[in-house]
Structure formats: structure tokens, C-alpha cells
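Just below is one structure, and these are the notes that go with it.
Chain IDs A, B, C, D and E follow the sequence of writing; residue 1 opens each chain.
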Amino acid sequence: MQVDISIINTYLLMVTLVAMIANFVLSLYGVFFKPHYIKKIIALSMLSDTANTITLYIGYRRWVDGVPPTIPVITNRSIEGIYDVVRRSVDPLPPALVLTAVVIGLATTLFLVYLGYILYTHYKTLDMREIKRLKG
Amino acid sequence: MWRMIAETIIYLIMACTSIASTIAVYLTIKEKDLVKAVIYSALQSALYTIIYFLLLTPDVVLVYLPVAVGLIPGVFLILISKTERWEKE
Amino acid sequence: MIAEIILAVIIIYIISIILLVIKAIKGPTIGDQVLAIDVITYITVVLFVLTSIYMKAALLIVIAIPLALWIYALDIYIAKYLEEGDLGA
Amino acid sequence: MLSIEAVLRGVGAALLCLGAFAGLVSAIGFYRFKNFYLRLHAATVGTIWGCVFPLIGASLISVTMDELGEVKWFAAGASIVTAAIVFLLAPAGSHALARAVHRAHVARVQPCISDALDPNLCG
Amino acid sequence: MRAVEIVVLISIILGFALLLTLGYQYLVPADDIRALAKFYLLTTYFNPNYTYTAGATESVTAIVWDYRGLDTLFETTVFYIALAGCLILARGLYKEEKEASKPGSGLSVIVRSVTKITAPMIIAVGVSIALHGHLTPGGGFQGGATMAVLPLLIIVIFSLTPLIKRGFTPSRLAIIRGLALTGIGLVSIILAVIGLVLGINAYVFQSLPKPDAPLGFPSEVEGALMGGILWFFNLFESIAVVAAFTIAFIAILLIESKR
């Protein structure tokens, strides 16, 4: 008996996207409305991770007739191998964009950590409500 | 039939992992103890690693894994140990 | 035959991961949470290897080695923080 | 007459089933034990029985699978190396964590009969 | 009063609306990919239908360093500037000497021995990820990030003194990093300079010989695939990343000894 389950697959993929958007909203709330500086940095790193995940999700491709997609690496170097990879592979452009974003995200996080230490030596606190001079 | 079920199972793993990561993000935002917040964010990173793997992007997994699992908790713990641990009400 | 066995093992591992995530979220002390994340990621290594064998994309196994190398970094950071209150020199 | 491939595949499948059972038992134990020091037992079962043996089994299976193509030896070798690394690192990590938790008085021993290292933690 | 937050919120709403509008057909992944991705995949490794190729079997590394090379070069610049900002913030707070920690403290001997055993393995895994970037998943950024975890682990477990005593001072690491960045710059323009001197047509970021530009890096050496420019970029980028992160970790831990 053949049952059409593609609607369930579509629903499950949509659940992933909606959960990612919920992550985005939650970490945005953390960046804006949490008073502590370290909490803000943690929320910011989670925000960038979620944006990267949405980018990668756009580049995915579904299974066709039960055949899974493959990674964009050519293992069989003949003509047939290359065309097989083109037929089955996922999109290689979003990983290339996300790759550098992750490393640069770590560099900017390090910069914010240094800035937090300098703030602490000046004000003896990291609570943004007590640092009156930064209030904008 | 069996291969269709395999496809559904892969998508089901992805959906479960996403929902668990949403819970982890929520707890990170709500937590008052910053060390526990760092641990919850490490849990979120581990779950995101599974999602990246299932999206078939090994390059991103290879760069995200040392950064998010190996480096970022260490850096945050250095900053917490030098400043303060508790977030005030 | 072997593919069905691998798929069944993957499902059992997913159930274990769900139980461990519940414990990692609930765990009363920091030690429990870190230990749960530890076991989650070690089981994730097996999940990655089995999934890549099942999908017949053997190059994906290259992810497993760095993942297994980096999980204990989180343990070390938390242990040093709890023992000395300080990650520094 | 058994071929060598059938033997390897059978041993690998047996190791996989053993690992799945150990992983499930470890998760249930982790869920039901009372305190941190008891959960260390469950964690060790989950890392050694639930991770090292299935990796060796996966390596044995991938040797026999010709569908993987030219890189099947690569897959088998990577699985073995990963098993060795986990075998080396997982005990070290949980040891460091247990020592730090005991020294920092984070987790209490409860229910307690006696604690020879630090009597104050008992009860 | 809250003008900045309101502007940011509105711009995020507009940006998400743009994303949903432009990507509505990709919201749930389709069973096909875009024509641009197909072009990248077809021309990554040798092909008779196309004259231009990257000569590597891994598309992601080829896109990062060959098709979109200038993009990655400027991202490396952003990375450099962010870490230079870190060091500027840490300036004036340095103190080199450090009192010896008392025996009995620190992590146990088991963890120290295991880390001594695994340190060469970490270096080996990082180098292999970096230098095989054009054949298997990996590349310069990945190898550098993998190797950069080792200094932080060594600092946490053994303290800072052995690292300084072995000669890994911030100034020396800064020199290594400068040399690696110079290597990236040289590799990207050297063929254009040679072409300018000899009077041959050549481009910036030229990897393999093209029909109108005969100069180029080798596509393979002794039968092993080199990928032209990719191998050099992976090597220099991994050295730059690991040196930069090590400087940052050492500096943030040296700040502390002032108190």
C-alpha cells in the first residue's frame, strides 16, 4: 500500500523553519531587553548562529524518490561522477558565505569581551542600568 | 516505502532538534546565573551542530564546532571569572 | 538487512538523546548539566558516523574526529572554573 | 561456508545493537539516579559501551560495504581513530569534572552512608 | 528616547519581509537547486564544456578562495581589524612576569598527561584539515580554528608560563601573523605583477591558466591535485587564524595579572 507522506515531510521542514524564527525572536529580545552585558553578548552570538542556520536551510534540497542528497564534493572524477554530483548535491554557495561569517563572529565576540573587561574596570559593574553614561 | 520512512525520520530528527534548541535558547535568556547561561548556550551549540550535519554542510560543521564548542564557552568563562557571576534583578 | 539495523539503531539513539536533553535542562546542579551535554555529544558522534554510512556519503565521517577531540574542552573549562574560581594562569 | 564479509558484517551489527542497548540503558539510568556521583556511572556506560564499541562496529561494517565507493577504507580508518580518541578523552573529562565538583562542594552526596574524603558533604 | 531601538526593530521587520518575499519558493527546500549552484558544481573540477575551471574537487573551498576570492580577502581584513581593536584595548595593561602558582593547585596529573598525548594529535588533525581543503571538506579557516583551541587548552591546564617560555610571546606571534597575511597578499597579486613585467595578460586572483592569460599556478604536482591558488591560500590563512587567536587569548589573560 502506497501512502502519500510528502505533506508530513513538508510539515516537518516547516517546523524547523518556525523554530529557527522563534530562536531569532528570543535572542533579539535578549539583546534588547536584558540588562546585563554578558547576557547581551551571549544572545548576540546565538542570534548570528540562528541567522547562519536560516541561510543554510535555504540552500538545502529535498530527497527525490528516496535518494538522499549529497555533499558538494566530487569523489568519482569521471564525467559520470561529476554529473551525478550535480544531480544530487546541495547548494554550495550558502556554506561558503557562512564559513567566513562564523570566524569573523568569533573575532567580534572577542572584541566585545575585551570591551566588557574595560567597562568593568571603569564602572565596577556590568549592569547596563547602572552605567548611566552609556544610556541612550 | 521503507526509503520514504527514512526520509521522514531524517526530517523528524531535524524538527526535534530545532524544538530542543528553542527551549535551550529560552532558558539561556531567562537564567540569572551566568555560568548556567553559558552551559545552556553550549547545549544550543551542540544541537545546532546536529542540524548543520543533517543539512549536509560539513565545511560549516568543521568551522562551527571548534568555535562554538571549544572557544566561546572558554572566552565567556574567562570574562565571568574576571568580572561578576550573578545578574541582578 | 544491514540498512534496517542501522536505521533502528539511529532511532534508539535519538530516544536516548531526547532523555538526556530533558536531564540537561532540568539537572539540579551544574555538574549534572555538563555531564549530560558530554554524553549527548559523545552519542552524537556515533549518530554522525551511522547517518553518513546510511546515506552512503563516507566523506562526512571526517567530522567525527574533531567533534570527539573537542567535547572535553567544556569539561576542562568548567572544572577549572569550579576548582579555582578563575580560568587564568 | 561463511565468507569473511558475512562474519565482519555480523560482528559489526552485533556491536551496533550492543551499543544501542547500552545507550538507552545509560540514558534511563541518567534520568533516574539520585545524585551527581551516581550519574557518573551512567555517563561512563554511555560513553564507553555506547560510543566506543558502536564505532568499532561501524568500522567493520563500512569495510564490507562496496556501495561507499573508493573511500570506504577512509571511513573505516576514521571510525577506528575516533574510537581511540573517545577511549582516551572521555574518562579524563569526567574525572576532571568529578574532582572539581567534589572540591567545590557543588553537589551533595544524598542519600549518604559515608564520605571518607569530606565528611561535611554527607547528609 | 528609544528611537534607535525602534529604528532597528523596523529595519529587522522590513528585512525579514524582504527575505520571505524573495525566498518564498525556497521556504521549504525544493527538490532542485539554482542555476548558479549548478554552474559552480559543473566547473569546479575539469570540464570539457567550459573553459574556466577551478581544478579542485571540493566546491566550497573553490568558491571561498577562487570564485569569490576578493570577498574573502576583505573578510580577512575585517577579521584583522577586529583583532587589532582587541589588542588596542588591551594596550597599557600588560604585565609580563607572573608569580609561580603554588604546587597542589590546578588540574590533576591525569588531565595533564592526556593533554600532553593529545596535543600532537590536535596539530595533526588541524594541519590535515587545512592542507586537504581542496580535496575533502575543510580549508584554511577550519584548520586554523581547529588548531586555535590548543593554545586555550594549554593556557587553562598548564597556565601561561610554559607557553611564554617556549617562545610564543605576543610580539613574535604578531610577526608570524604579519608574514602569513603578507603571503596571502603576495599570492593574490604575484601573477598580475609578473604579467605586467613580461607584458603578458594576467589577472589579480588568477589561479589556473585561462585562454587569454597563459600564466597560472600548477594544477597538480606529481599526480596529486593542487588546485592552483587554493593550496597556498589554505596554508597562509590557517597560519594567520591560529596566530591571531593565540595573541588574543594570551593578551586577555595577561591583562588579569595587573590586579
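Criterion: a residue touches a chain if its C-beta (ideal position, glycine included) is under 8 Å from a C-beta of that chain, and two chains touch if they have at least 3 such contacts.
Note that the coordinates shown come from a computational prediction; the quantities given were computed from them, not determined experimentally.
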{"item": "Intersection of contact partners for chain C and chain D", "value": "A, E"}
{"item": "Most distant chain from chain C, judged by the mean position of its C-alpha atoms", "value": "E"}
{"item": "Chain located farthest away, centre of chain D as origin (C-alpha)", "value": "E"}
{"item": "Comparison of A-B and C-E (more C-beta pairs in contact)", "value": "A-B"}
{"item": "Between chain E and chain D, distance of the C-alpha-averaged centres to the nearest whole Å", "value": "33"}
{"item": "Averaged-CA centre spacing for the pair chain C and chain B, given as whole angstrom", "value": "11"}
{"item": "Mean-CA-position distance for chain C and chain A (Å)", "value": "20"}
{"item": "In chain E, residues with contacts to at least two other chains", "value": "60, 107, 111, 118, 121, 129, 136-139, 141-142, 145-146, 149, 152, 156, 245, 252-253, 256"}
{"item": "Contacts with two or more other chains, residues of chain D listed in rising order", "value": "69, 71, 85, 89, 92, 96, 99"}
{"item": "In chain C, residues with contacts to at least two other chains", "value": "30, 34, 56-57, 59-60, 62-63, 65-66, 69-71, 73, 76-80, 83, 87-88"}
{"item": "Each pair of chains that touches, named by its two labels", "value": "A-B, A-C, A-D, A-E, B-C, B-E, C-D, C-E, D-E"}
{"item": "Chain A residues touching chain D - in the complex, by the definition given at the top", "value": "75-76"}
{"item": "Touch list for chain C against partner chain E, complex", "value": "59-60, 62-63, 65-66, 69-70, 73, 76-77, 79-80, 83-84, 87-89"}
{"item": "Footprint of chain E on chain A - complex, ascending", "value": "10, 13-14, 17, 28, 32, 54, 57-64, 71-75, 77, 82, 85-86, 89-93, 95-96, 99-100, 102-104, 106-108, 110-111, 113-115, 117-118, 136"}
{"item": "Chain A-touching residues of chain C, taken from the complex the two chains share", "value": "55-57, 59-60"}
{"item": "Chain B residues within the chain C interface of the complex", "value": "2, 6, 9-10, 13, 16, 20, 23-24, 27, 35-36, 39-40, 42-43, 46-47, 49-50, 53-54, 56, 58, 61-62, 65-66, 69-70, 73-74, 77-78, 80-82"}
